[in-house]
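The structures come next, written out as structure tokens.
In the two complexes below, subunit A is the common chain; its partner is subunit B in one and subunit C in the other.
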Partner chain A sequence: MPVATTSTEQPELFKRRSPIAETWENLRRSWSGMLGITLIVIHLIIALTSPFLIPQDPLEMNSKISNQAPSYEHLLGTDKLGRDVFSRSMVGGRVTIVVTILATMIAVSWGGLAGILFGFLGGRADEVFMRIVDAFLSIPWLLILLLIVSIMGTEMWVQILTFGFTYGVSTIRIARAATLDHVTSDFILAARARGEHKKTIVLKELLPIVLDVILVDGAMNWSWMLLGFTSLSFLGFGVAPPTPDWGSMIAKSRETLAIQPWTVFGPVIMLSTLIIGINLFADAFAKALGLDRSQGAPV
Partner chain B sequence: MIKSLAKIKNLSIGYPNKKGELVYVLKNVSFQIKPGETLGIVGESGCGKSTLGQALMGFLRTGSKIIGGSVNFADKDMFSLSIHQLESIRGKKIALIPQNAGKALTPTMRVGKQIIEAIRLNADLPGDTAEKQLVKLLAQVRLPEPEVMAERYPHELSGGQQQRVVVAMAIASKPDLLVLDEPTTGLDVTTQAHILKLLRDIVSELGTAMMYISHDMGVIARVCDRVALMYAGEIVEDTSAVELFKSPAHPYARGLLESIPRLTLAGIPNSMPGQPPIPGTIPGCSFSPRCSCATEICFKKSPEIEIIPQTFHLVRCHHWQRVLAKDFSLELIKVFKTIEHRIHDDPAIELSQVEISYHHPGFLDRIRHTPEPPATVSDLTLTIRRGETLALVGESGSGKSTIVKTISGLLPAKSGIIQLEACDLKIRIDERSMELCRQVQIIFQNPDASLNPRHMVAEILDQPLKLYFPKMTHKERRIRQIELLERVRLDGRYRLRYPGQMSGGEKQRVAIARAFAADPDVVLCDEVTSALDVSVQAAVLDLLSDLQKEHNTTYIYIAHDLSVVRAIADRVAVLYQGRLCEVGTVEEIYSPPYHPYTETLMGAVLVPDPNFEPRLLASDTPELSPPAQGCCFQRRCPRCIPDRCVTETPPWQFPLSSDGYKIRCHIPINELMVETQVV
Partner chain C sequence: MITLIARRFALALVTIFIISFIVFFGVEALPGDAATAYLGQFATPESLNALREKFGLNAPPLVRYVNWLGDLVKGDLGDSLSRKESVAELIGNRFRNTVVLSIAAALFAVPIAILLGVIAGLTRDKWPDIIISLVAIIGMTLPGFVNATVLVYFFAIKLNWFPAVTLIASDAPVSKLLPNIVLPIITLTFIMVAHILRLVRTNMIDVMMSEYVQMARLKGVSAIRIVFSHALPSAMLPTINIVALTIGWLVGGVAIVEAVFNYPGIGTLMLRAISDKDFPLIQAIAIILSSIFIGINLVADLLTLMLNPRLRTARGH
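What follows is the complex of A and B.
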């Protein structure tokens, strides 16, 4: 009786290799991805430990030493109120990072699930819902953010929910498009013919298959949210003073940019390294998952 | 001696894997193509035949590289030419005819314009001359009304017509060599037979050489002068087509020929155990683990190509003399495993006057009272008895899949009765009880698509178990999974694999295990073997028949391949345009009297024998919708009676005067006993 097994010849094939391990292996071979991950990890460590490590109190004002150039004591100089720019840059990302990470999770979850659900349901419900999404996406995002924040206030949980909601809308489209690629495939048909509940099909069949697309989109979304949140802070709707924050620091130093440009360097370098890190990671992540099939691209 | 047109010498192609080790795709491949010769490259999926075809055109897939050897075309080394020089050869001296013609044509451009582009590539002709040549080319590929055809867009043509357009483009520049990569795979049998006839005609008209890549021995036998058989990246046998099919010298060739189901032979053919290795991973002969003649030397030393003196037959086997000593001919194969036909009397599924339509009248249609188009499936009355296999046979568009979808509750029926014993099956899937869902299971054509690539086998098998047997504990399910895997002859450790880590045959076994996990009464098999290699196909058919015996399962088996149906079915229903033409047991259907449509289908089936010629009875023009009245096959029928068949619906005739065997035709039975003459 023919037994279609290779067990005798290739026992190593039976070693279980999870997709996560495989993705990590691919990711590790990408120098740009590892650079991205390193940058992100450094930022997370700084965000967690900076209050204990920074040389100066970021809140302490001292009019005697205002607008100083960089020195050994003040590595990046001081601002108009005499606060240490280096220390402020170090702690200035704490609120931003917490808000954007939590908001990214919300955006990925609700946008992803809604996208899969409407991609799967199709028909009139999908048609109506997607037109609402289109209408929403046609409004400039900064306007929406300003509107919601100015009505609801600038408390942290409001900001998290606002960002989570707003950025989730674009995830809907991504998740829906990815779902449409698979919704007519035979394994979905098989699940339907088996009599599976709609909920099971969405969560057990479709979610695993579009999860990688959603996760990569989530990583990209995170960097967009950082920009969004910093912009909001820049305009004065983000983190309330005196808490140091990159956006508001850039806004403050704008006034003195001509005479002492170094005060802007701290927050700008911190913000851009984090965003570059996230983007490098997201690119390599997409390639490691096999989503980006551009030819000759280094993985 | 005639100079060769193309010469491939010791060609090895490979790519580095993740660890940086070299993985071979082709290993030491050598052959020549002489002008005007037709060389067939035959082998199973993954043996490197497409890579070889691309290499002949000077093309390598990204990431792979030449490890050794050379590819010469007209005395030029293809891989030392510049892009510019290659452009002067590709499309002009060598033309490619790809597998999927629909994807090879630009969808937004009229086909005439696309062919003119190909004509202009060769010679910058003025408008009229190019037009004239276009019409000539379209006539040459036997497309009716060339002027009208040229104005069409690719999507307005059928698969066969698209393939003809691609052939026209390829021969536009009168190339010396045509490379054909499975050009008829995916086409209906009748269309395939017509295209192959066209290719043969073109070769004899133009004197073009061909390299024909295919997995189908019947197709190769039909068009090729010489055949090179590939296995795991190597050529294992290279000889004239007559010689290969008369006395194959490699055990693999014999195994392949023995595993092909045949129209004239009942039962399931022999299968070859195992699967091809990755080229270069096995120390000795790469076929040795699957070979019945293998001895110690085969596992140690890789055989060299040897020439059999009398016949100039090239073979890569240590034991070719022993193999040749055993007589071989297709007629001698009588070792097919016959299955007992179990025709029980109690019906499992009954369909009565079923009508299925995809047409939903719109608002305007209702106001204007637009007459409804004829239904996709109409007047379907069938009884499927418990424990039997009923095959639904027909070309694409005959409504086979529509019927299966309706039985499984995915598509509503417009009228009629569908019953599974006492239960109503006409209701949609979400209205059915879990118990009813459990009783009817489907196995799909392509296991790549029907298994979720993100699920481990354990999760795949868990789904029906959790759904239908909610009381089962985790441990019980685990035991059941292993039991199911063993029943489809897979190792229990396959639980921990993902679909991407299995071969096509193994994946289909998992899909079968999933269907049987529900312990079903009826299993709907939708072309379950057509995506598999022929050596694996036989094993899967065998498995299905064993499972049926154990569980007394009823199968509804959809297929377009009449030889496969012959192998597995107890009874057959022939469908055309959603209407039944002929119903009966296998023996009754596969012997006269034939319905003209059945006869057309059977005439087009290819046999792995170079002397065999298919009988082309009807045109391969597909119809988009059934005629409003009269016989459904009237437009293509070679024996159509002008007035009667067009206006009157033909009656059921009962050749055996029992109601089991019936033919729906106006022509009297005694006339149907006589073969139709080929025009």
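What follows is the complex of A and C.
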């Protein structure tokens, strides 16, 4: 390397990368992370394009060909009403994915902001609020979901809002804990001394610091929401028939598990690959951001 | 120390109190009320009103909440609407069935998880760890009903070792439950092991790299003694917390496994109560399950405090 460098060349050492680029670089090095991202992207593409690309009409019933084994025409065979399992498995994720992605965004937003706010405010309000949050999180998750769905109904927009609200509660704790780490820092004190509005402190000082924790939690939230949504769907509290949906497909096809296992395994494989993809990504993402995560049981 | 225990206890009670509030008013929000649920859709307004008077449903919600709470404390869970019998009777047998299932699963799951977790931690990144961790990730991330269905496929259908669905009544004696209970136990154990073993593995790895273990190695302590007398006890401490969390998950997750196998437990009862809109039953089950969850967490908290004196300094709440 030449000793004399012109003043316009920056030595390697001091080249600054944005944190986003750095995270992406770290992520690229993890094969499990890239596998996770690939799976997620494949699923998103399938969800968006499948209605136009599937070989058969997922709703078309034909009892003459019910419960057939896989064939060239029906790649995974047919179910008990003669519908093509492959096509149904491909489109079965659309409602699930749309609802869970939108609900996750809502959950992360409201949970993250509430957590930061109360972590920052502290005092009585924080104590009371956290007691209520703890109580809420102590109710068995299935019960809460079932109650809420029974009350609010199974309309898609309603489900997006209710899932978003319910799963946001667990984000509150994470965001608050991360905020508490920084709330006594000097730069916050300085901001307060400068007379900045509380809103500004929350949004401009605390949020950027806590963002990575919230994002990782968001990824996990999506995974848990998929669990919850498909479980409800499995139990019959989800999407109304005849719209194909992975959860209800698995539930309804259990009776033919012995003679035509693909009616069950089609949606199972689709759902499993998505969930595993998200988890692989979340793990690698956390590592790429430099976060140490201990796995907790799902809420 | 006693103040700490008393404080945790009081906190648990406050939490249960808040939950009772959420549960009661959550169920209140369900469309319809006890009268419509009892008499059905075609009841006349007069009979609905008469029933409301009789059940005291016309009183303001807060008054009814206080009455319900008072009854609860006395041990009176009320009467179920759809089945027209006392809630306590309905819950009794099913509760026993679920407890049998859960305790059996937990008794298998914890030792197996510890064993596999230790093996995985000690053989980190080699074949035993890779296989164990892979299976654990699958069991941990997939929904319970997916795990249950796959297990049903292999054990009940392909191998034909166990029945796929339970066909017995809820008040059958435990002996009749046995063949039906095996596959649900296997499923629950599998899921719980998957959750617990990951943490045991992580703790094991951390402990084996700690200075404490390095010192033992330098002293010339044999590998076996290091694992059993030094590493294992240290790794176990945080495990109490995850075991409690997993049992907490169990409180909700067991319902799904019960639904898959049609097992006559409290989970399936809860599902039926919700689709029947049987309010007293829903409220009773909700408060019982939540209290159990809080109770388990309290015990885990106190156990951790007892076993780790460093945590005993009050954190000035």
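Keep in mind that, in the parts below, the second predicted complex is superposed on the first by the 276 of 299 C-alpha atoms of A that agree within 3 Å, B and C clash if a C-alpha of one lies under 4 Å from a C-alpha of the other, contacts with A are read in each partner's own complex, and residues count from 1 in each chain.
Everything below uses one rule, namely that contacts are C-beta pairs under 8 Å (C-beta built on N, C-alpha and C of every residue); 3 or more make two chains touch, one makes a residue touch a chain.
Values in this document were obtained by computation on a predicted structure and should not be read as measured data.
*Asks:* Going by the contact rule set out at the top, does A:I37 touch subunit B (first), subunit C (second), both, or neither?
*Replies:* After superposing on A, A:I37 lies clear of both subunit B and subunit C.
*Asks:* Once chain A of both complexes is superposed, is A:V91 in touch with subunit B (first), subunit C (second), both, or neither?
*Replies:* neither
*Asks:* Taking the superposition as given, does A:D134 touch the first partner, subunit B, the second, subunit C, both, or neither?
*Replies:* In the superposed model, A:D134 contacts subunit C only, not subunit B.
*Asks:* Let me test your reading of the model: by the given contact rule, A:P208 touches which partner, first (subunit B), second (subunit C), both or neither?
*Replies:* first
*Asks:* A:I151 in the overlay: touching subunit B, subunit C, both, or neither? Say first, second, both or neither.
*Replies:* A:I151 contacts subunit C only, not subunit B.
*Asks:* Please determine whether it is subunit B or subunit C that touches the greater number of subunit A residues.
*Replies:* With both complexes superposed on chain A, more residues of subunit A are touched by C.
*Asks:* If we overlay the two complexes on their shared chain A, which of subunit B and subunit C does A:L257 touch? Say first, second, both or neither.
*Replies:* second
*Asks:* Classify the contacts of A:L227 with the two partner chains as first (subunit B alone), second (subunit C alone), both, or neither.
*Replies:* The answer is second: A:L227 touches subunit C but not subunit B.
*Asks:* Scan A:A193 for contacts with subunit B and subunit C and give back first, second, both or neither.
*Replies:* Only subunit B; A:A193 stays clear of subunit C.
*Asks:* Which of the two partners, first being subunit B and second being subunit C, lies in contact with A:A47: first, second, both, or neither?
*Replies:* Neither partner.
*Asks:* Need the overlap of the two footprints on subunit A, from subunit B and from subunit C, as residue ranges.
*Replies:* 295-296.
*Asks:* Considering the complex alone, what residue numbers of subunit A touch subunit B?
*Replies:* Residue positions touching the partner: 1-7, 9, 13-14, 16-17, 19, 25, 29, 185-187, 189-196, 204-205, 208-209, 211, 295-296.
*Asks:* Inside the complex, what are the residues of subunit B that reach subunit A?
*Replies:* Touching subunit A: residues 18, 62, 271-275, 277, 289, 408-410, 429-430, 432, 434, 437-438, 441-442, 444-446, 449-455, 463-464, 467, 489-491, 493-494, 496-498, 501, 503, 505-506, 509, 514, 518, 536, 539, 542 of subunit B.
*Asks:* For the complex, give me every residue of subunit A touching subunit C.
*Replies:* On the subunit A side, the touching residues are 131-132, 134-136, 138-143, 146-148, 150-151, 223, 226-227, 230-231, 234-236, 247, 250-251, 254, 257-258, 261, 264, 268, 271-272, 275-276, 279, 294-298.
*Asks:* Which residues of subunit C touch subunit A in the complex?
*Replies:* Per the touch definition, subunit C meets subunit A at residues 14-16, 18-19, 22-23, 26-27, 29-31, 137-138, 140-146, 149-150, 152-153, 157, 164, 195, 198-199, 202, 242, 245-246, 248-249, 251-253, 255-256, 259-260, 270-271, 274-275, 277, 282, 285-286, 289-290, 293-294, 297.
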